[in-house]
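One chain, chain A, links the two complexes that follow: it is found with chain B in the first and with chain C in the second.
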Partner chain A sequence: MTPKTAAKRSAKPRSAGLPYFTFRRMADGSVLLSNDAGRTAAVSGKDFARFSAGRLGSGEPLYAELAAKGFVREMTDFEGYAAACSKKNAFLGAGPGLHILVMTLRCNHKCLYCQSGALGAGGRGTDMSRAVARKSVDFALKSTNPGITIEFQGGEPLLNWDTLKDSVLYARGRGRELGREVRLALVSNFSLMTEEKARFLVENEVSVCTSLDGPADLHNKNRTFSGGNSHAHTARWLKYFIGRAAKQVPEYRTFTPSALLTVSRYSLGREKDIVDEYLRQGLADIFVRPLAPIGYAKKLWPRIGYSSEEFARFYRNSLDYIIKLNAAGKKIRERHAVIMLEKIVNGGDPGYLDMRCPCGAAIGQVAYNYNGDLYACDEGRMVGWEGDDLFRIGNVLRDSYRKVMLAPASRACAAASSLESQPQCSRCVYKPWCGVCPVYNYETQGSLWGDMPSSGRCALSLGMFDALFGLLKKPASAKILKEWVQK
Partner chain B sequence: MKPGMKTEPVFLSGEIYCEEAVKLAAAVFEGRAKVRVIKAAGGVKAEISGGENITREFCGEVLNQQCRIDLSRKNYKIASLIATKALLSAAGEKTAK
Partner chain C sequence: MSENISIRVSLKKYSLDSVRYAAHSLGGLVYAFIKPLPGGKVLVELSPKPGTTAAKAAGCARLFRGELEDEKLRERVSSGNRELREFLLLKAMNYQPKPPEKDDSGLTPQQEKELNDLIAQIEGEIKAEAAKGASADPLGITSTWEDKYDPKNGRKKIR
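After this line comes the complex of A and B, so read on.
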């Protein structure tokens, strides 16, 4: 189809008409522009002043660049603009893809920052039964999303191995019967992993994810394990699963394991140590995740927390180091950057539920508690564990799928996380790729909407976006970053 | 009321703030402060009892709520279109493309 423009191109130079866009003055004096189609332009302060005053002539190269990206009203290719918006927001028609089954609330670790409301390994009455697990799998398979992921979590899910094993087999069987694509994933600290369990997981195509907070001293400081050396277990089984993934067999697909880094106060200043540890363990990705002052971490915040500026510095230093390593030929990517670059560079939706508008609560994910209670997200479940069931959307044994999807909490989260109704977000240059979290807002500021100018999460996101766009402005680092998401 | 807590009245002009914004802000401050919202000529009077700077923080929240309400009214169509599409699709109901 030929792109339609709102007005015919004129040979005569004329000033730029301004459509709706947002902008941010960057630290280096330049101005970053973005629009709802997710297109961006970085211009000098001087050029921005001319552009916004309508004094940029149509004969100038910058005019052509801005026009091509949809920043000049009368030159906008509306079909192209709409197609970009549609691609970016394709998830709106999908339904919940992530289904988190909490196999147990018990855990044999006592991590400093744990948000999951985990009990000690000896705790009773908080294991998911086979019946509830099977009902949960059936419920997940009712999702309108054609490709669902069932994630087994805890606590430590391996503490409820029998139910976990049964759920894997049941989900595989039901998926086959219904002709549905079902991805299975396990989040575990690996301390209870055995050769037999690992083999079962591999043979049933269950991908595994663990936590790795850095070298042994740092990891073990964050992740207290009375049963021994947490880091040693993590390293041992990472090696095993990486080895299995390297030797693919025709009978089943074997996935490379992944690891998550949670940054605590003790991580600050140790960016290089942490990244080097990921390389040492043979991991190709590192996911630098900030701590959230909710759950157990809220009580310990003065000891383990940090300011958004401190985290932004940590993130920037980590990215700088990772890019330096890439330039030297070592392959390692930062997952948060990859997710954002998938949106910024490719205009797609990588399925990251924390940074969406509306957020992924219920419409993108459902958390299934051990007793069958359903929550709009896993963070909402943790708030429920503290005695506040605001984010509860039903029970897998009692409520219909439709009722759950349209539950008051599902609707409230969708409405509250709309960036179009957030005073600061609606005018933020990072709006096309960002998202707010009603649970975080509720926990830290007392309302689902929150107050972005004083939100720690907003400050963290701004810092991370600033770091990323700062690097995208430099040709050498931009080349490496774009390669990370090259199709 | 806890000893040392003082009650401070504040008048919020009806030309800027609607009663809904004041009531929402009072709900957000539940547990942190005691807020009494009273209708007054030309606006709303709020009596706030709590710790230091609580009145200032409360007024900031009223402004936040008012901005959000104003923006929600302005962007109502697009915001509700997006949320409705997402919810109905998730619930399995067909929506217009």
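After this line comes the complex of A and C, so read on.
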């Protein structure tokens, strides 16, 4: 071979030698790459052009970096690649881990964004009976998932305290008999909490989660409570549970309470107030969650909704402020970022069912309605409450576990949320960590598959990922973010 | 109301799939119609959706051209790695951490032959299982806890 021929050959684009990867051109001109193993690389536009044309020299530092991350086909570490893919998809075949028991549809709040179709506190016939609750616990224990969580929800679950209490004791007893790890969780607005109930929950290792939308004026505007000041109840009992968690005893484990923020139009521009309120209440985490135009919120969307760009700005501002606080020594983390960083940085699966492929419907969670009807997820149950049972997968009193797992809705949700089948998602750089929601698609676009380029949820996710990867590019913020998920 | 944008694309340069994907990616801003033209070409008509500002609509032709180039690369990368990707994902699905390797197996030639026969037999069984298709439920999604871990089945109980 003459040197001339060799030179000619090496100048030819060798893109056939590229491994599989996806990419996104970022606003700053750089290009973000990812692969099935969940590894990423950010390169300049110029370097990307050379890389994709196969013109990156093997002696260059960038070549070594890309090779180590699985972006050079000839250098692929098959064993490491398969191990990384396996780790991030370990949930496949594990069985549903989250079991949501709807204790009642009744609620004493009338939150502006409520998706659950809750009835007033005086409503009748929508409380779960003890028999249905026990059957539900038994059904949940059929799951092959080694660590199931039974979450008591509503409406306001404390309105059906007797059944809730019985279910806790029954689940603890069955768990002991079977040698199974059973985590119990309660989602409550705390307005009906008493010292006696709180003590029972703590002593039976039930973790608690509530809603906190910010300072009193904002919280109470979003979360209308005819019985008085919703924020005051939340603050009082957060203090109680944080205090209990601080004093661990040998007899049982005590958990720190958590709180969820739902961002409404009224929250926009108040990022600092909200984060400061979380710090004031002694919380170490804040979960910035967007509204979904589902249920009651759909009707009020023009009043309380916002565009995906507006939410992305809110999220970015919140994250910037939280990072600033961290840099000043104050410890507070944003939960959505933590979940994504657990995937991006540690390559694990933190068990967040909304952002999985396939989504958590049926194979990751089951929602048990008050009457024993089973739904692929809690959002699917809410659609059922509006009169459309598309996401119903059985009934706990009548159907076998196998029948439920094979229900048409279980299978349809798994198929519809497979990102490889979505034309936009299959080519998206954020595919290794993202997920679509068939219920959201159905409610907003009329099909389980949806249309991602025009989906508000997709735009929100893109905005959040862009914000996160933007911060990961800066050494100072990247250091803080990585510390959040340091093992 | 913004006007429609028409773009001619040669199918000699770009595949029809690339044209479709590039057009689909703009679905948040426009409706796209793809019409065949003589001479191995297609006409892509982008019609702004209600709510798309004139400024955004004006940028759609440039966006489409950029997406088309990116799609061409995606298509090449995807088709060039289909088999390798399937192999890697299959490997990941069945991944078991490798046990530390020993320098010497310590087996006699007869034992080595028996081991190889056993491996061949297991491989045959795996192949037969795989041939049963999806109904075999390889991930055990329809199995209950008892099916999988009941001590009566001789399996280990998880604590």
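Everything below uses one rule, namely that the second predicted complex is superposed on the first by the 471 of 487 C-alpha atoms of A that agree within 3 Å, B and C clash if a C-alpha of one lies under 4 Å from a C-alpha of the other, contacts with A are read in each partner's own complex, and residues count from 1 in each chain.
The definition used in the following text is that a residue touches a chain if its C-beta (ideal position, glycine included) is under 8 Å from a C-beta of that chain, and two chains touch if they have at least 3 such contacts.
Since the model is a prediction, treat every value here as computed from it, not as a measurement.
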Chain B versus chain C as contact partner of A:Leu353, first or second or both or neither:
neither
Determine, under the contact definition given at the top, whether A:Ala459 touches first (chain B), second (chain C), both, or neither.
second
Figure out whether A:Tyr401 sits in contact with chain B (first) or chain C (second), or with both, or with neither.
both
Taking the superposition on A as described, I'd like to know which of chain B and chain C A:Ala259 touches: first, second, both or neither.
neither
Which partner does A:Pro423 contact after superposing on A: first (chain B), second (chain C), both, neither?
both
Contact-wise, after the overlay, does A:Gly95 reach chain B, chain C, both or neither (first, second, both, neither)?
both
A:Thr22 in the overlay: touching chain B, chain C, both, or neither? Say first, second, both or neither.
second
With both complexes superposed on chain A, which partner does A:Glu79 reach: first (chain B), second (chain C), both or neither?
second
By residue count, is chain A touched more by chain B or by chain C?
C
With both complexes overlaid on chain A, does A:Gln445 touch chain B (first), chain C (second), both or neither?
first
What residues on chain A does chain C touch that chain B touches too?
89, 92-93, 95, 142-144, 363, 401-402, 405-406, 423, 451
As the complex stands, chain A meets chain C at residues 15-16, 18-23, 25, 36, 52, 73, 76, 78-79, 81-86, 89, 92-93, 95, 141-144, 146, 178-181, 363, 401-402, 405-406, 423-424, 427, 451-454, 459
Give every residue of chain C touching chain A within the complex, in rising order.
21, 24-28, 49, 66, 70-71, 73-74, 76-78, 80-81, 84-85, 88-89, 91-93, 95, 97-98, 138-149, 157-159
List of chain A residues in touch with chain B within their complex:
89, 91-96, 142-144, 357-358, 362-363, 401-402, 405-406, 410-411, 414-415, 418, 420-423, 426, 445-447, 449, 451
In the complex formed with chain A, which residues of chain B make contact?
24, 27-32, 60-61, 64, 67-68, 71-72, 75, 78-79, 82-83, 85-87, 89-92, 95
